[in-house]
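The chains carry the letters A, B, C and D, assigned in the order they are written, with residues numbered from 1 in each.
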Amino acid sequence: MAGIAVSTTINGDAFEYLCQPDETLLDVLRDRLGLTGAKEGCGTGDCGACSIILDDRLVCSCLVLGAEAEGRQVETVEGMAHGDQLHPLQQKFLEHAALQCGICTPGFLIAAKDLLAKNPDPTEEEIRFGLAGNLCRCTGYDKIVRAVQDAANVMKGA
Amino acid sequence: MVIVRRQFITVGETVMTKGETMRYIRPLSIEDAVGLLAGSSGTAAILAGGSDLLVRMKGGFVEPDLIVDIKAIEGLSEIRQTPDGFSIGAAVPCAVLGENAALKKAWPGVVEAAKLIGSKQVQGRCTITGNLCNASPAADSVPALVAAGAKAVIAGPSGKRTIPVEAVPIGPGKTSLAKGEIIEAILLDNQAPRSGDAYLRFIPRTEMDIAVVSAGVNLTLDEHGVITAARVALGAVAVTVLLVEEAAEALIGRKLDEAALERLAKICSGACRPIDDKRGTIEFRRKVAGVLATRAATTANARAGGK
Amino acid sequence: MVEVTLWGALGQLAGGQSKVEVEAKDIRELFRKLAEQYPGIEPWIEKGIAVAIDGTIYRDTWSKELPQGAEIFLLPRLAGG
Amino acid sequence: MNFDPRFSGRKFSSVGTRPLRPDGIDKVTGRARYGADFNMAGQLVGRVLRSPHAHAKILKIDTSKAEKLAGVKAVITAADLPDLTDGDAGMYDVLDNCMARGKALYDGHAVAAVAAVDASTARQALKLIEIEYEILPHVTDVDEAMKHTAPLINDAIFTEGLEEKPAKPSNVTKRSQFGHGDVHQGFGHADVIVERSFKTEQTHQGYIEPHACVANVNLDGTADLWVCTQGHFVYRQHCAQLLGLEASKLRVTSSEIGGGFGGKTHVWAEPVALALSRKAGRPVKLVMTRDEVFRASGPTSATSIDVKIGARKDGTITAAEATLRYSSGPYAGTWAEIGAMTAFACYKLDNVKTVGFEVLVNRPKTAAYRAPSAPMAAFAVESAVDELAKELGIDPVEFRIKNAAQEGTRSSYGPVYGPIGIGPTLEAAKHHPHMKAPLGKNQGRGMACGFWFNFGGQTCVDLNIGMDGSVSLAVGTVDVGGSRASLSLVAAEELGIDYAQLKAVVADTSSLGYNDMTDGSRGTFSSSMATISAARNAIKILRDRAAQTWDIPVDDVVWENGHAIAKGEKYGNLAALSLKEIAAKSGTTGGPIAGHSELVADGAGVSFATHICDIEVDPETGAARVIRYTVIQDAGKAVHPTYVEGQYQGGAAQGIGWALNEEYIYGKDGRLQNAGFLDYRIPVCSDLPMIDTQILEIPNPNHPYGVRGVGETSIVPPLAAIANAVSNAAGVRMTHIPMSPPRVLAAIEAERGG
């Protein structure tokens, strides 16, 4: 099998892998590297369940080729907690019951992290538009928005 | 197994059925990119943001033999400000447009349009050049670019040429680019004094949708608020984005008053040649094209300092 | 003896009656006797019939007793989401 | 079983609190394993070839080229899934739906499948399968399908439920009828009659996780299936029956489930994956694409409903009648029947009649979607009720209060109600601040009621007490939205211990007795009943062990607040023994301590809701935007109120999507035009406001804690509530769901023109 050799950094750790030219970064993360936190809900960039941060830019990993990760920084949900310390967003999602089935949660957490990095004090409307690329079918978004608001408050205070 | 590694050039080959090969190459210069595209014997695809290409690959609608990733080409990922205006590299993600204060100030309509494509995630990848080259009649950034009088710089086997953006798409999914040609950058002039642009689209949701109808308007006023120059473009109402010259003519020489808006709406509705599809009906598109054109014109007029 | 109300389709299989009287102490006996008296109903019992006893719907508890004077109502056994 | 399920009116210490869920950490760290997150050594990739035609005879399938492709390990067609259904018509339909047998019945119907070493080989193999079709005329619209001239989808179908068997086959599989009194006479007493026809388009549950499974069939006839499902025991039964396996030798493990809402109650890919694995002799992973989920899983019915309601000037409804036509896909269903039962369930009616028709169409086989069939019926009825109130000049809430069903009312579907919550939800709505909030320009307010039965069913729970006093709870109902937390609360309540001492898991099919699906809002209702029963059985043993320790009769030992207490003055000096202390000694007092329960949880309590919403309509574009939304619903008892709120909000959001934008759009060629999240528009975060909730608790007399079940009712009122609000905002009655901008604008323009 032919393959493209890629060296990249994922959640701060160096990774090397071989991938096919048409293989998405999502497939690489899930099937080659065992990082199944990013989910495939659609494979076409319409649901946000596979959201990752690529060099400080929020993207759908289903719309990135594995080969494109060469030399870049990848951040996934698996890298959000530090040791035994959950990220405030993770903690607030738990406390607010901002998840029911949980399949969209990794994507929401990553998107919300990116949102708060760029806008630490968002209004409800900014949160809603900022997270509009992530579909949730269980919660009606109410508790998700509240969790992000609460996490923003905690992070501002920290 | 073939793994070739040079500085920033990665070549991968994999054997597909029927002896086909798919290659992914990341050239460092526009000349190399042009050479690769010109020399390819099968289906070659340019990869910038990939938000269209990867979807089409996933759906099995395209199986390129060659993917040319242009993001490592010097200058293509930059927005440059020149004495004449702005040069937006072909690989600049739409999200970056919104982070450029000067561009946002000069061409708020273009930036708004770019920031409406897909989601935040998609905007982190997609480019206005890609949006233009997909040649979708519903592309969000195109009516805004057309209204702004943007131009495309094209590199090709026989050198460079610059054409108005409206000359790029010639039908759904079809462009006027020749084999081996690649858009290097989109040029926007400096906005004239007392000018303003705006873009509006209609979607059933508030985000994450393809335009059912859209309108881009760019207006220049004199000291008294009389329109001296105008460009009006409509999206998703014909096989390509429409530059409605009749609408511009109707606006020039008058203020944007009630009567002018009514006329604008009527001309825009009349200019539409829409279809019925899953996103909207003919009647709906006609009616709403006029509504959006008047609303976009009102915003553009206000931005130009008119009342 | 209990009086049992049948829903539309079932009534047709019982000769157009919307109510029938059956000597039965529990749901199991009721189903057995209904099937004896109206063989057309048997396949419906196989497919699933729920029994409402004084307003409470029983779908599976065939041992449930049918109190004298209770209101007994047969219903299709439904699926949920 | 001598378990007493009656409501006891006890005071709660754990139930009603809001602790963190036990599966939460895994879900926020990305460690939770869903359907596609599991792999087996040597696993192959399965892919399904689907019919591009809405209706076509399969003349020939040639798989030889695909089989020869390097890396392909198995290719199957219907021939590899022989009919073992033994006259079970329902299961035969399931089998035919899994893999077309002779005829493809809808765009997306599976016709063949492959297993290969990787995805790209599997994709290439599908392209090499050659199929010769004879394209047949098709029909996708429910009204068109009922016409005598419509193409016949199955010529063996003669409408059931008619007084005489019809002479000719048709696409109507069944007629059903409910009601009482004499509607003809009732309408004679009416001063005002409203009569209207309504349509609703087909929608999908829209769970974010596509169907996914990993199947492994061994040579000895044993097999494993890892799968996202709402009911792994039911999947086991169905797969075993279709594959000819012994049920107990097929172990099905339910993964974490990424949403179901009724859509994961049916097998599609699973029997195919097992058949591929059996043929290839290797594990097979089969994950549907989003396109396949839309085209080939189980959306809800499209409907066409006529409603007629009459009332006297004083606001008393004298008669109500409805005819409901529901599409069921190409196979028989009972969807119109459910719609006919629920349509008028909110009201006290002397004269009511509903007739349902089940209609075959060339669309995917209809599956359940949250309170299946009820939202469409409620849309039609509640729209007409609103219009009637308006004609009578009576406030819509007052009109409903006047006619609301109550304890002792004969329901429109037959039985007499016990204590119910429709009146209280309406009274709560009447007094809710939302009702009095001012409305702006182009805004309208609407409200509507909804009903759902709620189900119980077969249920098992094992409760095991560790020697350190911690407790594990193994349940068999899949956790779709926090039930492990609720059931842990229930166990903590019964045992009198702290929630943190418990851990609940969903057991696989080899570790626990049979359980029905998590459907019909039964998860918490029935598994909590089994949990209470299991805990009480464990307490009997705990008391017995304490009695042994103390050497006193067990009848003198009671269980209070997590402790065994010797009752009686003579035992005054015996210190209470905690669960932990008893557990620590269990090895020498008779061995492990556990409580089990296998029961049928019958007696589910019906549930009602009233929703209020404000909508702003752009009169120039027809765009409707929800600006405020309130859900009021009877929960019986909210075990974990946060997750009850979540169910209310989620159901409302799905209803909002259905009401405004979601729909299956078929082309003239019978192909689905919008099989993706881009054009099948489920609400995004910026489409919705906060969704306020109010939980009412009218205890279910047939559950020890009064639990009714909360999952489904919340999707019943939104279609009507929004339709009423849009109609009020736009000044024109909307009768077609979804109220997409082109439909609203067209209605506004027609009203202006006329």
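In this text, a contact is a pair of C-beta atoms (placed from the backbone, for glycine too) under 8 Å apart; a residue touches a chain by one contact, two chains touch by 3 or more.
These numbers were taken from a predicted model, which means no experiment stands behind them.
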Pair with more cross-chain C-beta pairs in contact, given A-D and B-D: A-D
Between chain B and chain A, distance of the C-alpha-averaged centres to the nearest whole Å: 28
Gap in Å, rounded to a whole number, between the CA centres of chain D and chain B: 43
Centroid spacing, where centroids are CA-atom means, of chain A and chain C in whole angstrom: 54
Per-residue overlap in chain C, given as positions that touch at least 2 other chains: none
Overlap residues in chain A, where contacts from two or more other chains coincide: 20, 22, 43-44, 46, 129, 132-134
Junction residues of chain B - those touching two or more other chains: 58-59, 206-208
Full enumeration of touching chain pairs: A-B, A-D, B-D, C-D
Interface residues, chain B side, partner chain D - complex: 16-17, 58-60, 202, 204-210, 212, 277-281, 283-284, 287-288, 291
Of chain D, residues touching chain A in the complex: 18, 20-21, 23-25, 27-34, 36-37, 120, 205-210, 256-261, 287, 289-290, 480-482, 642-643, 645-646, 649-650, 652-654, 676-678, 682-686, 688, 690-691
For the chain A and chain D complex, residues of the former touching the latter: 20, 22, 30, 35-44, 46-47, 49, 76-78, 80-81, 86, 90, 93-97, 99-106, 109, 124-125, 127-129, 131-146
Residues of chain C touching chain D in the complex: 5, 7-9, 12, 16, 47, 52, 54-61, 64, 71, 73-76, 78-81
Of all residues in chain D, those that touch chain C in their complex: 90, 160-161, 163, 174-179, 205, 261-263, 265, 334, 337-338, 341, 368-372, 413-418, 452-458, 517, 519-522, 600, 602-604, 701-702, 711-712
